[in-house]
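Residue numbering begins at 1 within each chain, and the chains themselves are lettered A, B, C and D in the order written.
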Amino acid sequence: MLDAKGTRSLRLPPVSPKSPTGVSTDGVPGYSSHKPHVQRRLHRIEGQVRGPQQMVDDDRYCIDVLTQASAVKAAPESVALLLLADHTEHCVAEAIRAGHGEAQVNELNRACQR
Amino acid sequence: MLDAKGTRSLRLPPVSPKSPTGVSTDGVPGYSSHKPHVQRRLHRIEGQVRGPQQMVDDDRYCIDVLTQASAVKAAPESVALLLLADHTEHCVAEAIRAGHGEAQVNELNRACQR
Amino acid sequence: MLDAKGTRSLRLPPVSPKSPTGVSTDGVPGYSSHKPHVQRRLHRIEGQVRGPQQMVDDDRYCIDVLTQASAVKAAPESVALLLLADHTEHCVAEAIRAGHGEAQVNELNRACQR
Amino acid sequence: MLDAKGTRSLRLPPVSPKSPTGVSTDGVPGYSSHKPHVQRRLHRIEGQVRGPQQMVDDDRYCIDVLTQASAVKAAPESVALLLLADHTEHCVAEAIRAGHGEAQVNELNRACQR
């Protein structure tokens, strides 16, 4: 899929904003209180990908490129864990306190299994 | 490290181009024969990271952002495996044929353990 | 550590039974309601390890042994996820309902990061 | 599948001993030179599984059992890497030296992708 700037972008799943799969909260995602921090972490991944890109452009040694490419894996994993922690602390805990936590706990457990 | 555009970029390891850690080949990396393919795969990761970025900008539901962020992990892993396969097929196999494969095999085994 | 039968056994951490690290519940672990199922799953792992053991005894081909040894990894991961789901559903949810969920949520998030 | 002792055992793949999938060597697996070491490492995994088994028997706290169960994952991974290193160093390197390494390199690369 090409976006306005002609670069390939990811087709996002057709989920309406703020409307989770079945289980609904007040529409405020769990990461809201530190959204700029999450945004910075995601932007940083773009910068990290440029590491191995430049190395391949420069014909650098395979194992060195491999090492940098492997390092890029850690960043999205770490952001995913941050989102998971926020979600548990806010959305799931709030749903439990409000007496309708079962669906949220099930959804959380399925997310952990991926 | 900030680059010209003021964004954080990755500090590359101080390895001179084409000079691997100790073990040397003819200076042609194993991915040379399909370098444009590797470059496209690495550029695509940048596009994929924009998925969760846009979702956070739009305050999308945590679990949906998490799912996209987790998907981003798979791409660098898959590029790393491609580089590893090329390296084994070309650099390591050539070093073995030339009678000095031991260092390359050791280096390959260490890379697999990361 | 050698146990009575002279085989190497695992030194368990010096945590008193039913006394979690700081955060306490009623002493009933989250997996209690299906303890026999968890026990069967753990016992099955022992049987699975005997697969690659027998293959090495029989001098089977490396890649075949490797495939079986890799398959053994999946089982403990899957039991860990089962324990995590039980724990969230019971211990964490109950602590939140009882108004002292914060420590449990923090402990859960730290466990997910391992 | 139940074995003579009535415990569930793993059905091994129907590969004849010493006959790899297509690519053949001299029938001596790569781990031969230190087979007792590999055997000890595999036997140790059985001991490690008894850690979380005992903990569940004793109704220990979920997170503590989880931590032990997660630790069990590392052992088969580490044996798999040992087998992979031996295989590359012996079987693959010998096949390359003998001039018919292509099938072995392809098989190795597929094994790394699992």
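FYI, a contact is a pair of C-beta atoms (placed from the backbone, for glycine too) under 8 Å apart; a residue touches a chain by one contact, two chains touch by 3 or more.
Here the structure is a predicted model, which means the values were calculated and not measured.
A.B. asks: If I rank A-B and B-D by number of C-beta contact pairs, which comes first?
C.D. replies: Spelling it out, more C-beta pairs touch across A-B than across the other pair.
A.B. asks: Which chain has its C-alpha centre farthest away from the C-alpha centre of chain C?
C.D. replies: B
A.B. asks: Once you find the CA centre of chain B and the CA centre of chain C, what distance in Å lies between them?
C.D. replies: Between these chains, centre-to-centre, one finds 33 Å.
A.B. asks: For chain A versus chain B, what separation do you get between their C-alpha means, in angstrom?
C.D. replies: 20
A.B. asks: Starting from the mean Cα coordinates of chain B and chain D, work out the distance between those two points in Å.
C.D. replies: One centre to the other, that is 27 Å.
A.B. asks: For chain B, what residues touch not just one other chain but two or more?
C.D. replies: 84, 108
A.B. asks: Connecting every touching chain pair, does the picture come out as line, ring, star, complete or other?
C.D. replies: ring
A.B. asks: Once bound in the complex, which stretches of chain C touch chain D?
C.D. replies: Interface residues on the chain C side: 7-10, 12-13, 15, 17-21, 27-32, 35, 38-39, 42-70, 72-73, 76-77, 79-80, 83-84, 86-87, 91, 107-108, 111, 114.
A.B. asks: If you look only at chain D, which of its residues touch chain B in the complex?
C.D. replies: These residues of chain D touch chain B: 81, 84-85, 88-89, 93, 96-97, 101, 105, 108-109, 112-113.
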